[in-house]
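Report on one structure; see the data block that follows.
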């Protein structure tokens, strides 16, 4: 099975980042991985959650969600159901953890930055696009915070990007789209810093367990893909 | 108080409609009234709600929502709160009623079209932008349904557009932005067919009751504004 | 189609207001528009919602609900469903807005008056009966507040009454009962002050769009009906 | 401490039953125990809950609730909270069990009767008033069902009434009002058939455990009180 | 029908109490009434609910729940349903009231003790086992509180135990298991102090009303059973 | 920092599996990893979720939860909150996926097995203990299903065990307890088949990103630990 869009196994989809897509947010980015489009908005607020008050440290958190018609079949809104599903919870937590890994909370002071990642259109890789785009929004929000509060030290300690990799008919592939994702034997999401170190590695056997060799080849692919994404982020932030 | 963006009292903001902004939906439009941006997606599904089954008639419904950072201050997600607020309910119902007014349910057969109107950025007039954009998405969804099900009669019986009008310091104005909306003495949302008849008239005294003369001047302004919007819809649908 | 209860087109149903139907509430009224019965209770409480604290201004809010067997077919309780429906939200907001239009918040000081409007029996026009009855309860609650807190200025700036009007087979009619409401082509709820000015105008095309002439005739009918209701309120309050 | 309303220890408050207070319900009664007022509505519906289908047997259930301003201090609506409180649940279950004790489910066929007991005003003893009033509504609903479905056997196997009793400063008293209820050492609700047998006995030590002798005196008082209530029910049903 | 496990009518099932089954809780007990197993954990926390603050008095409350597979058929988790059922609410309230009857709140100071009673396996009598086991956990929690806060007076004013009794084919029986419970004509739960006085008496006619004589025989049986349970509690607490 | 319980870095805590701890469940195990205790119950039910009906394939799912006082500080019940938290959702999904990896759905026929994993006491590693114990319960449930439905092929295609590993002060350690978990720089949960292949790898940088070498050493440790757990499972299942 060749790749549906003709890519080589280690090739990303076209990635576009439109910085400051929103007017009100302190930082924002519309990120596209091919047909996947995620709108990332960063909000800076004074204060931190109750359990953190008085520590002098800030907090970064994220909320991921999907518009009902982001996908091929319309999904019921979670607000209508009255509860948030497990997948949404899981991804929101992953995005939050990934961004917190490059933050010095002490340098932030008691402020909270919330990253809203709303999937406008889904074609695979929405959580990794969300992390990659949210980082761009975070950078602008941190700048805003530093300027506004006159912070001495930079709360940002590095950059972060993420990509999905998977095995299709025994072949490791980078940045699966929905079609590939739904037939992959193994599926892995990898979050990597700009320095090439791991923040999160989540590999799941979908139809068959995987061995160490396959795991290693997937990690290689992901690290290379994240290095490319890091460059794309840098360009977007340089404008 | 002159208009913040220099418009004349009876001038619309720049209105842009990007048709088919989404790939999966049977009809879609990103509509912009100045800085207000609403993504409208129409979904065609087989079957109708339980209370309508066996009637041979179709159904059209709508769900309106706002992204948390569409506004100047971040709002808590309704999915996180676990319940839908009164304003959201009220607007969803208004959008649904407005579109049903130009639908022949019998011609649809037992299908449901759902209009999702998600406000990506808010600057006043989100409900009227939602109705105006949702109509464009609806037209494409109805076309899709007719083609796919080989429907004999056209379920669409007319077109619909909506605009807000209000009174600022005694002066009637068309298409208020957020700044104007928040100081208006009276606020009215008017939904009008392409033929210039009323589907919905909702006028509310914000700080002082209004008399018949002011009501009449607001209705005149709104009817003229909707006629302009009808032309813009036609252009978008002609492409 | 003649009116089911033999009324002329511009005739109200028999309206009865039993003031102080409840013992605990600071103001209360059982209002009947024919077979429609709504129990309105006004509660005075110290303090205002969080977003209004420290402004020195009061607040007035309303909650509308229906007993499960108020209607011909039993409805599931919203407490059992765990969520409030869109119709309930919409009407609660309408009742609250209507009463706030005749209140001077500054004169109230930081107190909240809550109007509970519970429909014990429904036969059309429950929201307009709720507004008309809630005003009577509000007057007594405001008196209680003035006396108790020794307020200098009267928080009440006027009176308010509401009525529904609609078009049946081309004929404008006042104060529709359920049977008429369910066949009306156009349905309008109008909230008017004792001075004859508009607080809220909500007209909806049910089966066909309506033109300016019909709209005008409905407004005429509603204004006259509200003037009658204002007299009935005065009598109830004079006892 | 004498009784606040001058009654003797074994005297009921004035009890009034207004049968058919509602127009739509198949049976209804507004019952008053002094200042306590409960509106009881019985609804007959075809079918039974899922777990009972196919058994050929009917079902009787009850829902108890309180209007927000039934009490001295306004309570938050359970629909607004989004959940039903423990007290409401407990009383709804008690009312349902009590009425089911005088029903022959087989004679009902697969129909459900729901008793809605809504407290319009509370002054102690709302649950026992609800049971006593719901029985009257049930009788009319059963008659309706028999007539409409031409049932051979009478589903009603007896009558049921309920009263509260309590101990105040060592003295057993019948039918406590709110003031007495709040200072009682022991509080007991007793549900008795027209034949004088027990359906439910619920005694609770409020401030001190009670012994067998006190328990016996409370039961004597309750049985006598329920016999009086049975007569009042008979009169209401004879009209 | 002889007893399924060969007991005499007035014989308890084997009762075992494993004190301090949990490591973190301030008091805990795994209690078994035959195959019924309830894990009781007592938590001591500083502060009291809002409505009790500033009174100088403590509070004791309880939460009862069942694991999904405690029963023969798996039940849906209440956390998944998003709401607590009526039976759970009713039993939680009963357990809390029963334990509060032997507490001197003033001696506790403003602390709260919460008793969590989780049914790991159910075979009838789970609520009475919960009360009996929770008392043991409560004793240890109170000791912990006294030691830690150096309380002068003992908040415990007595002991409490509970048992179910019922009538099977006219025969009164002690401590019904699930099989017996499901066929009992009358079912009674009785909560008794160590001094033999009543805290709670809850008798329910399941299939037929019961008379005073049967009620008396059930009370006799329950009082004797609770006396035995009191001895078993004492032994567990003596270790 | 030496290990708080004196273990070597690659040593598991004492692991005990009590098979058939529950009487009603088709399979069950109380599993202990040191002080961590998880009760795992497997339920076999006819039918599959709606989206899977008619496929001829079975389904395996899991629900993880914690008793309120499993931890050092009492947590609010999710049933009381009315919603399930993100952590609970995430772990339930992990347990379900892990067990589905060793199931041949076609061999099951349209049956569902639900694994309930309730943490009675928590001291780190509750999710890996849950997976390891749930496998034992699953084996007995599958046996029950095969016997009862006379299934030709074995739905079980392998075994599964899980363990946590982490880095403390640069040292990789196996099976962290709570104290170690809360200070680990990197935390990884690894799910491995009896054949030594990966089902799930979830590594998270807690305080600092980790490099490939550390990742490799953690994987080595986890694979060896799971091999030991596989032996312990075999012994429990051999009895």
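By written order: A, B, C, D, E and F. Residues from 1 in each chain.
Rule of thumb we're sticking to: a residue touches a chain if its C-beta (ideal position, glycine included) is under 8 Å from a C-beta of that chain, and two chains touch if they have at least 3 such contacts.
Fair warning: this is a prediction, and the values are worked out from it, not measured in the lab.
Visitor: Return the chains shared as contacts by chain D and chain E, ordered by label.
Guide: Expected: no chain.
Visitor: Based only on mean CA positions, could you tell me how far chain B sits from chain E in angstrom?
Guide: Here the centre of chain E sits 58 Å away from the centre of chain B.
Visitor: Which integer distance in Å separates the CA centroid of chain D from that of chain F?
Guide: Those two chain centres are 50 Å apart.
Visitor: Hey, how far is the Cα centre of chain A from the one of chain B, in Å?
Guide: Chain A and chain B have C-alpha centres separated by 33 Å.
Visitor: Which chain A residues sit where two or more other chains touch them?
Guide: In chain A, 82-84 touch at least two other chains.
Visitor: Can you give me the ring order of the chains, beginning with chain A and going next to chain F?
Guide: Here the ring order, chain A leading and chain F following, is A, F, E, D, C, B.
Visitor: So in the complex, which bits of chain C are touching chain D?
Guide: It comes out as residues 22-25, 28, 35, 39, 41, 43, 45, 63, 65, 67-72, 74, 77-84, 88, 114, 116, 118, 120-121, 123.
Visitor: Under the stated contact criterion, what part of chain C meets chain B in this complex?
Guide: So the residues of chain C in touch with chain B come to 83-87, 89-90, 92-93, 97, 101, 158, 188, 193, 195, 197-205, 209-212, 215, 219.
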